[in-house]
Structures are given as structure tokens and as C-alpha cells.
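Okay, so subunit A shows up in both of these, paired with subunit B first and subunit C after.
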Partner chain A sequence: MSHLKLENITKCFGSLVALDNINLEVHDQEFMVVLGPTGAGKTTTLRCAAGLEKPDEGLVHMDREVINRVSPPERDMAFVFQNYALYPRKTVYQNIAFPLEARKFTKAQKDEAIQRITQLLRIDHLQDRLPRQLSGGEQQRVALARAMVRQPRLFLMDEPLTNLDFKLRSQMRGELKRIQRELAATFFYVTNDQLEALSLGDRIAVLDHGELQQTGPPQEVYENPANLFVAGFIGSTRMNFMDCSYDPDSQTIVGRDGVWRLSPKEGAGQAIVANGNTEHLVFGIRPEDIAISTTDEGDLAGKVYVAEPLGDRIVYDIQVGQDMIKIKTSPTTMLGIGKQIKLKVNIDRAHIFDKNSTKAIQA
Partner chain B sequence: MTTNTQITRTSNLPKIIHYAKEFLFWFVLIATFLFSIFPLYWMFITSLKPRTDVEMTPPTFMPFVDYQPTLDNYVDVFLKDRAGAGFAEADQEATRKISEFPTTLTNSVIITTVTTILAVLMGTLAAYAFSRFQIKGEADMRFFILSTRMLPPVVVLIPVFLMFNQPGELVNNALQNIPISFIQAFGESIKDFSLRNSYIGITLLYITFGLPFVVWMMKGFFDEIPKEYEEAAMMDGYSRLEAIWKIVLPEAFPAMLATSVFVVITAWNEFVFVLLLNRDNATTVPPFLFSILGYGQVEWGRTAATSVLFLIPIIVFTFLARNHLLRGVTFGAVRR
Partner chain C sequence: MVNSGLTQNNQLDKEHSGDKPLRVRFRWLTDNRMSFLFLSPTMLLLLFIAIFPLIWSLRLSFTDWSVIGDAGKIPEPVGFHSYGTALGLGETRTEKRVGVEVAERFAITGQFVLPTVIIELLLGFGLAMLLNRKFLGRGLLMTVMLIPMMLTPVIVALYWKYMLRTDIGVINYLIHDIFGGPRIDWLNQIKIAIWALVLADVWMWTPFMMLISLAGLSAVPKYLYEAADVDQASAWFKFRHITLPMVTPLLLIAVLFRTMDAYRLFDQAWVLTGGGPGGSTEVMSFYLYLVAFKDFETGLASAIGYIMLIVIIALANLLIRKINEIADEG
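This part shows the complex of A and B:
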């Protein structure tokens, strides 16, 4: 069993609050991803779990046992550092053998375990090399091998793929997921790449400025972002945000300067009224949920501002009133710059946020 | 086209500037080299000169050419001064006793070795703590440590002398006020304890001199070693102490060696304190060198020979350490 629970964790560095009352659980055999921008407190969260950092307040539980005072070597976790931290004077073999030697493995046991993990990670031909003789991708695999050569209760991974090039990163993403399933291991994984989080995580936790924004399965976080930050951070092309207000009389959402009006989805109107703020709202819609109208009818009217062809699709910037929104279209859609077009909005997939609290208003 | 004209246009001026720069570079280099090596050369050839050639005017510079080198001076180093005038030459040779040189050289080696090992060891550990842990008032402490190096040594000479003279007596005076018999007896037993003329005293003093330097050097160095190394080792199942021993110290070893070269040289060359504190016992070579200079006519040949012998251990140590000094540090495995 590996069940980690962070309870009301607060950590300050001087006057900087790195973590503010974090509550987080990692279940047995789960791939848990903490996602957030640089400086959000992701690494600090991981280091608190590892025992490398002592939280100022709060409890760290492992399998219902409080481990705040347990030292890192006694926690039986493995940590993959962002900079890999391979021992520079040890060969690949010695690096991977190092955690086994702490556990008094015999030579035969060591050889067998190292053979198995180096084959799994396809680095068995590199065993006699020194870290500085390896490429970035190879170093990263050695760091993973050093963590995975034993069966720790928990794997802690601090942006292990960040230093790799794009191709290698997508390849390693798939491998990590496969290995995690194969070993039936529990992963606590930190990244600033939302794509990595969505593709790897069984659940993801979004962190910003030391505060937990939202926790949930990737699809749920993507579909129902809890606030403006999560909505804007997750998604390969950022969600479009437009200032708006709600008119209870006509039961419509009104764009800035009244340039557009939309009927919200079932129940959203009541939710907005119940929330008490009908004036300062943000209308959020993902680029893929806007389509170009083939007729003269449409929810929004706008002017093509710029086109970004991305091969498999084209992203157009459309000016709607004072707002600039992005839409995704098929690669064969050709729109001249400056062309007036009508857009259809998939209103069931639109989000309304309270601009003051930044929280989503759920229908 | 412009690039073509630039390539084909040849002027002698850049070439001349180039050669002038080259010449200046080598001239300064060679001049500096000669300037620093000449005293050593002079000392070395003087040590090989027969007594009659040492003070010859004009001076001679080339052994074998200007004079026939001799090892007489080196023999003299190990023997005491002649008993005095009036004896026959043969009698003088027979009555001469072994000089203090072997004893003082042994003392120098012992004191310097112990000083270096302890100062580098303690300083390294302190520097590690400064580098890795959040310590209250760390900046003040580091400044205080450095400030001990700011005073000229002569300023602290008197207080050190007083402290070293009879610390046992001071402690005893205090203990006699306590009306408990065994404490008074203990005070009585250490009454004569003095740090003067002792190995411990002078070694403690040299460690005190060396520590600030070691702490500052090693602190800067540990800051360069990513803390992830020992954190990785701790996650791999080792205690912090094991992580330091197995991972950090091997990384820090070249720096420790470089630092110890400076500590060795400082302790080896120290003259004023040992002259004042250890006049009778546990004396090192520098005061001995001074003593043979001191009386009557200066025997330059013998002095030079002593200096050469005194230099050899330092040269050997620096020579052995040089590979580590030059190799520096390699951070292969960490992207920064």
C-alpha cells in the first residue's frame, strides 16, 4: 500500500509563502500530477512529501501514519530530480547500484535488478559510462533507472521530462505511463506542461501561487475548470475570455458594449443570479467549441485578424468587438484577413466566471 | 563585394600590432618568471658555494663554471657551531654536536600536518553547514569569522602570549574559591599547565589562524556543488552524514587539497608566534633559521642550505597536489 496524504501543509521561505494550506492525496497505484506555472510551489510540495523540506504547518501522512519527523532515507521513496543529480564520479552501473547498496544487496541481486531495469529503459549498453558522457535523454533514463531499480512506496518526480527535446519528451511520456502501469507503482509527478499533465495523470492537481486551485481527473479539470486560472492554464490553445454581463430580464449574456447577446445553457442564468454578481462576468469558450457559420446567421460577428497555420489545423484570431478570440478550423478552411464572418458558439460547452472572485459559476 | 575587398586588402599594420602584442606578452611573462625565480636560484647556488666564494665580489652565478659546488654547507646544517677559536681544526670537527635542525624540522612537520588536517576537516564541516543549512545570524557569523583575519597578527601577539603563558594558574585561582576539596585539588594539579612551549598550544593557534580561510574557501566551493547530490543520496537510503561522506566529500576533495596547500604554507612559514611562544620546546624551523643568522658573522652558505632543506617538503607537497589543483571540478551530470 502506498497512500500519501498532505494535510493543511503550509511552507514559507522568509516572507514568501510557498505553500498555503495544501490538502492533497495520492492514492495507491495512482499517477498523480501536480500542474502549475514556474514558482507555483510544485517542487516544494514534492520536497515536503520527500522529507527534504519540513513544512511549517500541517501533517504528511503515509498509509495513515504521520511521517513529518521521519527522515528522507527512512521514508522509502524515490525522487527523480529535474537536473537528474546523477553522481558525477560514478558510472551508470554504480549510480543505479547506489540505492541497492544502501539496502545491502548482494552482488548477484544487484546485477539482476540492474539488468532488469536497464533493459526496461534500454540503457543496458551504457553501464560503464560516466554521466557526463551521456546525452540528456540518456541521463534522464539513468535517473529514472536509479529510482526504479527498487520498489519504493512512492515515486516523486520533479519535471523529469522538462530538459528533453520535444520528440524525446513525447516518447518518454508514453514510456513513463507504461512503466507506471507495469510496476503497479504510485507516482507523484510534477510538471509545468499541461499536455504532460493531461496525458499522464490519473488525477491532476493545479497549483498556483502556493494555493491548490483544483483537483480531479484530467478530463474533468479540462471540461469544468474551477476558476479563470485553471481555465486559462489548461488547453493547448488558451481558452477565449470575453468580459460580459447578464441581463436577467431578457435572460441573455451580453458582451462588452452590447456587441453580442447569447442565451446561456440550461440553469446558468439562475446560477448567475444566485451568485449575486451579474455585472462583472467573464465568458469563456475554448477555440474548438466555436465554429464558422456557413450561413448569414451566427452567435458572434467578427473580423479575421490573423491566421496561424499549424499543419493539422489553422488557428484564426478573430476580432469580436474589442475582444480578440481564437478559433480552430480544419486546415482547408481559408479565410482572408479582414474578412467579416459569423461564428457559432457551442453554448453547452461555454463557461461563465465571476470576474471578482475568478471562480466558475456552475449551472 | 565588400567582404572580398576586406579579405584581399593586405596591410602590414595589423601584423606589426600582432607581433608587438606577442612580444609584449612573452616579455612580461619571462620577466615576471625571472623576477620570481631569481631569489630561489640565488639561494640554491649559494647553498652549494664553498665558504670562500659566498661573499666574493663580484658575485658568481654559475656553479661548475665560476666555482666548484660543494655539499659542505648541507653537512653544516646538521651540526652545531664550532666550539670556538683556539681549537685545532680537526678537534673542532670531532667535538661538534648534532644541531637542532632535525628536531625543529620534525616539529615543523608534526605541527603543520596536524594543523592542516584538523583545520581543513573542521573548516570543511563548518563550511558545509553554512552552505546547506539556514542558520540564524549566518551572515554575522561569517563576517565574524573573517574579521579574525583582518587584524595584523602582531596586534594579537600580546594577548595570545598572556593567554598561553599560564592558563592553568588562572583556572586554579578561580577553582580555589570553591570550597570543595577535590575541585581545589584538581586546580592544584593543573596549576603549572601552560600552552607555551607545547605542541598543543602552537597547533591550536595555527588552527585558529587557518580556520577562517578554510571556512570561506570551502563555503564558496560547497555553494557550487548542487545540493541535489546529497539529497539524491538521502532519497537513495543514506543518512546525511553518509551522503556527505560518499558523495559530497569526493566532489569537494580537490578544493580541500587546494585549501590545505594554503594552510600548509601559512603554518610552515609562521615565525613570530612560534619564536615568542615556543622558544625552548616544540620550536619549528623558522626560528632555528633565525638563530643561525643571529650570532656573529652570518654563515650565508649554511643559511641557504637550511632554507633549501626547509623548502623541500613544501615543494614536494605542492607538486603532489598539483594535479588535483589543476583538475578542478567537473559537473557532468547536472544541467544548470
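This part shows the complex of A and C:
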């Protein structure tokens, strides 16, 4: 069993609050991903779990046992560092053997364990090399191998794919997922790449400024972001935000300066009224949920501002009143700059946020 | 050619001074010539105080010239005779004695340099390990510990001369009055006097080793220790496999510096023991001084000087090669 629980964890560095009352659980055999921008406190969370950092407040539980006072070696966790932390003067074999030395493995046991893990990670041909003779991707796999050569209760991974190029990164994503399933291991994984989080995590936890924003399965977080930060952070093309207000009389959402009016999805109107703030709202809609109207009818009217061809699609910036929104179109959709167009909005997939509290208003 | 051009220009300048713009009058002053002009005073100075004496002494080492006896005379070349004498290949009794003395003095120098550098390395590195953490008063402690290094060697030797005295010296007070041991006549006993030199040098230069070791220790990335912690490595394992390999290159550089410096020790030997007793603390520099300025065997002294130089260059190269090997590996 490997069940990690962080309870009310607070950690300060001087006057900087790195973690503010974090509550997080990692279940047995789960791939848990902590996602957040640089400086959000992701690494600190991981280091608190590993025991490399002592939380100022709160409890760290492992299998219902408080381990705050347990030293890192005794926690039996493996840590993959962002910069790999390979021992520079040791060969790949010696690096991977390092965690086994302390456990008094015999030579044969060591060889067998190393053979198994290097084959799994496809680095068995590199065993006699020194770390500096390896590429970034190879070093990263050696770091993973060193962590996986034994069976720790928990794997802690600090942005292990960040230093890899795009192609290798997507390849390693698949491998990591496969290995986690194969070893039936529990992963606690940190990244600033929302794509990585969505594709790897059984559950993700979004962190910003040391505060936990939302926890849940990736699809759920994507579909129902809890607040403006999560909505803006997750998604390959950022969600469009437009300031708006709600008019209870006509039961419509009104854009800035009244340039557009939309009927919200069922129940949203009541929720907005119940929330008490009808004046300062933000209308959020993902680029893929906006289509170009083929008729003269449309929910929004705008002017093409700029086009970004991305190969498999074109992203257009459309000026709607004073707001700039992005839409995704097929690569064959050609729109001239300055062209006036009408847009259709999939209102069922739109989100309304309270601008003051930044929280989503759930219908 | 350049000169004639210059004079021509100067003449032109005199004839038409004021007629031509500066740009034309100083056309000869290119960037290269300008930098040469700025550098020339330094180069001249170096030539007179360093390069010329070096070449001159090399010439003297192939003669039997003496600075007092042969003043005003043209040095007579005698080939490698002085070198042969210094290396023990001489034929007359005096020459043979010189050969024996040089060999003895090299041995004495070794007896001083080897323990000095080893003790300084161990002590300095140990102190650095102790100081390589945060604690209250660390800055103050470091400053105090660096004081010996900042003193003049002669002053250090004078301190130690008093501290090592049999009657009022604090060292013998500690040994005899506090711990009940025998009084040791540090400076007047063969076999012990050399250790007095070692003691003074260790006191003075251990902080240097500590400083370099500290620089090395603080350059070891912290995450390597954290990785080892997570991997459940023992303290010895971390020291042996992370700390030591990471600081070795820097330690070797410190050893190189200290070896070269200890090898040419003079001041402390002069003040503390005066080379005695019975020449047992006559290290090479000291002996060289005696040959050059007591016997005034200028030619022979020059030859011995060059032998010393060759020996230290060879030693230094061995160390540098080792450092490069390690640097290449990591």
C-alpha cells in the first residue's frame, strides 16, 4: 500500500509563503500530477513529501502514519530531480546501482535488477558511459532507472521531462505512463506543462501561488475549471475571457458596452442571481467552442485581426467590441484581415466567472 | 623605413605646422603603435628587473664567476662544470663536498615540504568540513582563522621563536607545566628543529587550505546530497562518492600552490633556526643563500638555482597533469 496524504501543509521561506494550507492525497497505484506555473510551490510540495523540506505547519501521512519526523532515507521514496542529479563521476551502471549499495545487494542481485530496469527504459547499451557522455533524454532515463531500480513506496518526480526537446518529451510521456502501469507504482508527479498533466494524470491538482486551486480527473478539470486561473492555465490555446454582466430582466448576458447579448444555458441565470454579483462577470469560452457562422446570423460579430497558421489548424484573433478572442478553424478556412464575420457560440460549454472572487459560477 | 617616414613627417610638420589638421599629422600613430607605446614602459621595466637577470644568471651558471672576487672581470665559461659539481660529479674534495651537501639539502627540503603539505591538507580540509554549514558567528570565526595567513612570514617566525623557547615559551609551558611532559628544546635539537619549521608553516598556511577546501565544498551541488539521502546512502558513502571526487581537483590545486611555496621556504628557517642545528634545517633556499652570499660562489649558486627551478617545474607538471586528468574525467 502506498497512500500519501498532505494535510494542511504550510511552508514559508522567510516572508514568502511557498505553500498555503495544502490538502492533497495520492492514492495507491495512482498517477497524481501537480500542475502549476513556475513559483507555484510544486517542487516544495514534492520536497515536503520526500522529507527534504520540513513543513512549518500540517501533517504528512503515509499509509495513515504521520511521517513528519521521519528522515528522507527512512521514507522509502524515490525522487527524480528536475536536473536529474546524476553522480557525475560514476558510470550509468554505478549510478543506477547506488540505491542498491545501501541495501547490501549481492553482485548478482544488483546485476539482475539493473538489467531489468535498463531494458525497460531502453538504456541497457549505455551502462558503461559517464553521465556527461549522454544526451538529455538518456540522462533523464538514467535518473528514472535509478529511482525505479528498487521498489519504493512512492515515486516523486520533479518536472523530469522539462529539459527534453518536444519530440522526446511526447515519446517519454507515453513511456512513463506505460511503466507506471507495468510496475503498478504510485506516482506523485510535478509539471508546469498542462498537456503533460492532462495526458499523464489519473488526477491532477492545480497549484498557484502556494494555493491549491482545484483537484480532479484531467477531463473534469478541463471541462469544469473552478476559477479563472485554472480556466486560463489549462488548454493548449487559452480560454477566451470577456467582461460581461447579467441582465435579470431579459435573462441575458450582456457584453461590454452592450455589443453582444447571449442567453446563458439553463440554470445559469438563477445561479448568477443567487451568487449576488450580476455586474462584474467574466464570460469564458474555449476557442474550439466557437464556430464561424455560415449565415448572416450569429451570436457575436467581429473583425478578423490577425491569423496564426499552425499547420493542422489556423488560429484567428477576432476583435469583438473591445475584446480580442481566439478561434480555431480548419487549415482551409481563409479569412482576410479586417473582414467582418459572425460567430456562433456553443453556449452549453461556456463558463461564467465572478470577476471579484474569480470563482466559476456553476449552473 | 618607419623611422625615416617619421622624420620626414616631423620635418613636414615643422615646415607647415598649423597648416595641416591633426588627423593628417598623426596619421603614423596607428592603433597598434599606440598600444605599443602604452605598453613599452612596463615592458622595459620587466626586461630590466626580470628577464635580463634571468638570462644573465643562466649565463653565470655556466661560469665560475664570483661576485666579489671577479668583479669587473669577464666571466669565464666553464660549460656544465657547476651543474656537475652540484649534482655530485665533482673531482676535487671541495667539489665532492658540495655535491653531498646539495643532496642532503634536497632531502631536508623534502622532509620539510612533505609533512607540511600533508598536515596542512588534512587539517585544512577537516576544518573546512566543520565550517561548511551555517552557524552563528561563522563569519567572525572565519576571519579570525584567516589572520595567520595575512601576517608576514618573518613575524610569524618571531612569534614561534618565542613560543618554542624552553624557558618562557608557551608550547613548553603546555607540555611541561600542564601535561607534565619533558621540556623540548625545539630549535636546537637535530631531527626536532625541522618539525619546528613544519609547525610554524602549518599554523600559518592551514587557513589557506581551509579556504580553498571550503570553496570546493560549497561548489558541490546540494541536490547530489539530497539524491543520496533519498537513495539511503550512508554519511561515509556520501563523503567517499560525492564530496571527495567533487573537491579533489581543487584540493590538488591547493596542494600545488602549497608545495611550490613550501619548497622555496626561507624566512622562517632564517629566523627560527638559522639553518641549525648543524645545518639540519638548511632547506634548499637557505643553502642557496649561503652559497651565493656567504661563499660568493656566484656561478655555482646560479647553477643550483636552476636545478631547483627544474625540479619544481617537474613536480608541478606532475601535479598539473593529474589535475587535468581528473578534470577531463568529470
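Convention: the second predicted complex is superposed on the first by the 363 of 363 C-alpha atoms of A that agree within 3 Å, B and C clash if a C-alpha of one lies under 4 Å from a C-alpha of the other, contacts with A are read in each partner's own complex, and residues count from 1 in each chain.
Please note the rule applied: a residue touches a chain if its C-beta (ideal position, glycine included) is under 8 Å from a C-beta of that chain, and two chains touch if they have at least 3 such contacts.
Everything quoted here is computed from the prediction, not taken from an experiment.
On the superposed subunit A, the positions of subunit B and subunit C overlap enough to count as a clash. One of subunit B and subunit C touches more residues of subunit A, and that partner is B. Within the superposed three-chain model, A:L52 lies in touch with subunit B and with subunit C [touch as defined at top]. When both complexes are overlaid on chain A, the residue A:N83 reaches subunit B and subunit C alike.
When both complexes are overlaid on chain A, the residue A:R103 reaches subunit B and subunit C alike.
Of the two partner chains, neither subunit B nor subunit C is touched by A:G174. Judged by the touch definition given at the top, the superposed model places A:P73 against both subunit B and subunit C.
Residues 50, 52, 71-73, 77-79, 81, 83, 85, 87-89, 98-99, 102-103, 130, 132, 146 of subunit A contact both subunit B in one complex and subunit C in the other. Of all residues in subunit B, those touching subunit A in their complex are 226, 228-229, 231-239, 242, 247, 250-251, 330-336. Interface residues of subunit A, counted against subunit C in their complex, comprise 50, 52, 71-73, 77-79, 81, 83, 85, 87-90, 98-99, 101-103, 130, 132, 146. Of all residues in subunit A, those touching subunit B in their complex are 50, 52, 71-73, 76-79, 81, 83-89, 98-99, 102-103, 130-133, 136, 139, 146, 156, 163. Contact residues on subunit C toward subunit A in their complex (touch as defined above): 221, 223-224, 226-234, 237, 241-242, 245-246, 329-330.
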